[in-house]
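The structures considered in this document are given below.
Paired with subunit B in one complex and with subunit C in the other, subunit A is shared by the two complexes that follow.
Right, the complex of A and B next:
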């Protein structure tokens, strides 16, 4: 990182930490709408980081990626989730399987596991601070905790989409040279996944009249 | 040959809009035509692929012996399942039936198109995209009946498999990073480049990438302990979809795992990747075999059998001996044929008796003389009874294991496969071959097949399964040898 302006490096580090903090905030968000807003903010941080990295490192492909990510993750996905909530006519006030304090403790343990398992591997990045990769691993771990400990379809879908934000961050750190065609295909794939999630969430609500997943216990054995 | 390759990629894709835009009554025929054409094109490629030929279209499409083996399974099931579904789906006249058909057939073709595309992709990233498309489309197909159980199974499947695949994507990103040391900061991660440079990759990164890929693609493949979506989705999906999920989707995920395995073996040496795969394989065999002993639901029984068979191929891969790898690839083909046939039969039984509970089904062969008899034969084939292909492939896997000098793992394999044999064959034969009760719902079921068209693909599947057991044709044997050689650490690039 010798030639990197220190403001850029520390700014990128702070951005990575913001992504992680947004994930923690999603975990304890009181309502689903606030969770969706947090996801939107998290995606926006990832988009800004991609755009700044593109400018500082001269990686023009990242501009395209940042633009399309903005459209998809900051506009389309949140809009779809809000539409679903409006259609459902309800906004849950949280569906944690544990109390918030316990949930945050579990998430801290999971993120520490992700951070300290991946951190010492010594991955070096030519474009971003290498510690951002360990932070990305922590984001993925906390997103997994969110999916496991929140019992409603919207939180679980938001958890999945935020896993993708963690993977995007990791990809920017260690695979910034991945061909743009491949990156765009991955984004297209996210779009397809969003549609599928939306359709099945709607079907779930239409059949059961709730967004909770507590009733998903018919299939056993 | 490149034209055939492109045609193979394009034909299922064309069937997607065609099955939506054509009048409803032509959608099944269009799908069956696309399936049989794809299988024909794939057969056309067997001799050349077996002769170590490779084709590619830039860095996008490619075909080699390994991908051809998996394409054969996929296209065979595409063709037979399309024919089965044409006879099996009884859509009520009117808008509801038309809407169901308009959703089912395009999604069915898109699902098959993604599974055909996966082995044709020339790189880990595009392969991941194809596998992820199979997940989202098949999740919608699982939910298509709109019941509580179907949406529950679909949600669990979509969520768990997508999370697994996000780990696989992280593995793909890390593998890309591993290659930057040898291939530069920006390169196209095609298989040939990855394999050629693997020995110079960062070993720590390859290790992490491989573990993430096994966890990720292992989730889709049904490896224990990340298998939990599988029995629900397989049992609640419409039977044609169950056949595709079990017979070919699991194999497609195994193919993706093998592509990581190839790079890991060349980079790290054989020990680490083989140990990881063996661990997951034994766990899958154990759990699959034990659940088969206590299963009452016919489709869940077949689902747990899939977990057991994925355990067999994982353990066989861990042996690393050429004969075991030949057996593994033969197993992929034989399992596809057997499991497709078994799910077709299970579909007819469920339709006829109105239940999946095997305690409530008696006298299957008297009610469904063709379907139930062929189902019993397919289940016996799945159990590993000679002369079917699975007996031969499992024998080769064990022989390969013993040839490596390790006795314990082949012994575990034999014991667990025997347990699975009893669980699978006992419950199915008891249900199908027993006399129907004189009174009660099962005794009142009318005799006769659901449709003649459901029998044709079952006969085809069973003939293929028998052929693989009795005599593997020369071109196919060469193909399997070529593909097995690709999986050896010093094998063909």
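Right, the complex of A and C next:
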């Protein structure tokens, strides 16, 4: 019989699971705007988790991280993506390589891989429950599935950004006590990725007149 | 002055009678609430009882070429649905004499047997819509099965047994309700109940369009007393699933801890109250979502399976 976790640990565990469920929801979201909205809410859950952890564990650095993440991941990045979508004038996501139910099954397998690769590490964190670390690994795996199976640049970009959400969740478990500079490096990475993906999306749209990537699978002489 | 006490066998019989008697009431209240939410006056709360009484008085018509299975199906199904209240905590916190006859899997098997009997009767009628309903109901029940199995896994891992009484006791005694894996399986089970009771988003249970029907279509060819039994049976099945969801997973409070009459009366009243509340939630869901296309039902069931799977994974990796 497993030990019943404390209320804080349960709450944190459920928040981590919400991040993972948002990732699964992105997998089945039919429109690009809803995908961006899901990314926004996923980031918001990460921000709230950081803020609550900061308050409960007395880690002031996490407040800074939460504030910066809120600004960047909940406001700026989604706004930028919505702006790009408006310019492109298209909203339906590219038809995925698999049907939704099969995609969910593949993602379940991927997340199970994430869970079981991290589980045996026997990781114990003083700040968050260890399951949050496994959930973070699963988030990263499902985000990879999203990037691989979706055939439009926006989904792929959102998938990449949500990898960062998974990583920042993991970093909260592993390195919540580390100096703020580590967290800032992660966020800076995201910033670079946003610029790069923004450029790629615009260039792709300008060259092909579409956001979908299936036109790229032909060789050209 | 000591209070009168009911013998365990009596309490057990009372569990079945409570479910049998209040199932149409719960259906009636739910459809009344649903109508009110849609701005209609809706049927009387007691309408299902009148319907049943009317159907029992009507003659029974049997399609040409059908065999005994056509008439036996609703009876066997009804009997199966009535066996399950013996196994689950309907009124008491403690297991009754026959309560350990089967575990959750046993209960699930008896429910599935009832569904099988109904499907057989529908196939035997030779009518296309009834057969269509039977084949769809069986397909979706099979797709919902993995979710139920994973839910049972979690129950087994948390309590070390797969008895519904044990999980209910665990939920009552600790902060189990906030445990992430428990939340996940409870939601997964909720989704399965939604699908199994033929409600939106899986099936529009009050519709009359045969092509969209799943479970409803099975009894299209039945009439008279067998139809009454089929309708009553599906109401009983609905109440049984509601009871499992409430008294095992979500809110196992208000149950009697002994055979004292006062406790049993409180348990009956609280059961009807809780189930009505759940019915209200279901009516709300009914009015907030649209019916899924038939081919999207697999996506819905994949979602339920996802939650159950994550529940198992989280439990395994030590997240409780």
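The criterion applied here is as follows: the second predicted complex is superposed on the first by the 210 of 221 C-alpha atoms of A that agree within 3 Å, B and C clash if a C-alpha of one lies under 4 Å from a C-alpha of the other, contacts with A are read in each partner's own complex, and residues count from 1 in each chain.
Note that in this section a contact is a pair of C-beta atoms (placed from the backbone, for glycine too) under 8 Å apart; a residue touches a chain by one contact, two chains touch by 3 or more.
The shown structure was predicted, so the numbers you read here are calculated from the model rather than taken from an experiment.
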| message | Using the superposition on subunit A, tell me whether subunit B and subunit C clash or fit. | response | fit
| task | Pick one for A:213: touches subunit B only (first), subunit C only (second), both, or neither. | result | first
| request: Identify the partner contact of A:40: answer first if only subunit B is touched, second if only subunit C is, both if each is, neither if none is. | output: neither
| query | Is A:65 touching the first partner subunit B, the second partner subunit C, both, or neither of them? | reply | neither
| message | I'd like to know which partner A:54 touches here: subunit B for first, subunit C for second, both or neither. | response | neither
| field | First, second, both or neither for A:112, with subunit B first and subunit C second | value | second
| request: Minimum C-alpha distance between subunit B and subunit C after superposition, to be given in whole Å. | output: 16
| Residues of subunit A at both interfaces, subunit B in one complex, subunit C in the other | 118
| Where on subunit B does subunit A make contact in their complex? | 123, 125-126, 128-129, 132-133, 135-137, 139-140, 143, 146, 148-149, 151-156, 158-159, 162-163, 166, 169-170, 173-174, 176-177, 180, 184-189, 204-205, 208, 231-232, 235-236, 291, 295-297, 300
| How about subunit A: which of its residues touch subunit B in the complex? | 118, 121-123, 126, 140, 144, 147, 153, 156-157, 160, 163-164, 167, 170-171, 174-179, 182, 185-186, 188-189, 192-193, 195-197, 199-200, 203-204, 207-208, 213, 216, 218-219, 221
| field | For the subunit C and subunit A complex, residues of the former touching the latter | value | 157-160, 174-176, 178-180, 183-184, 298-299, 301-303, 305-306, 309-310, 313-320
| request: Show which residues of subunit A lie in contact with subunit C when the two form their complex. | output: 1-7, 9-11, 13-14, 16-17, 20-21, 24, 28, 100-101, 104-105, 108, 111-112, 115-116, 118-119, 129-132, 134-135, 138
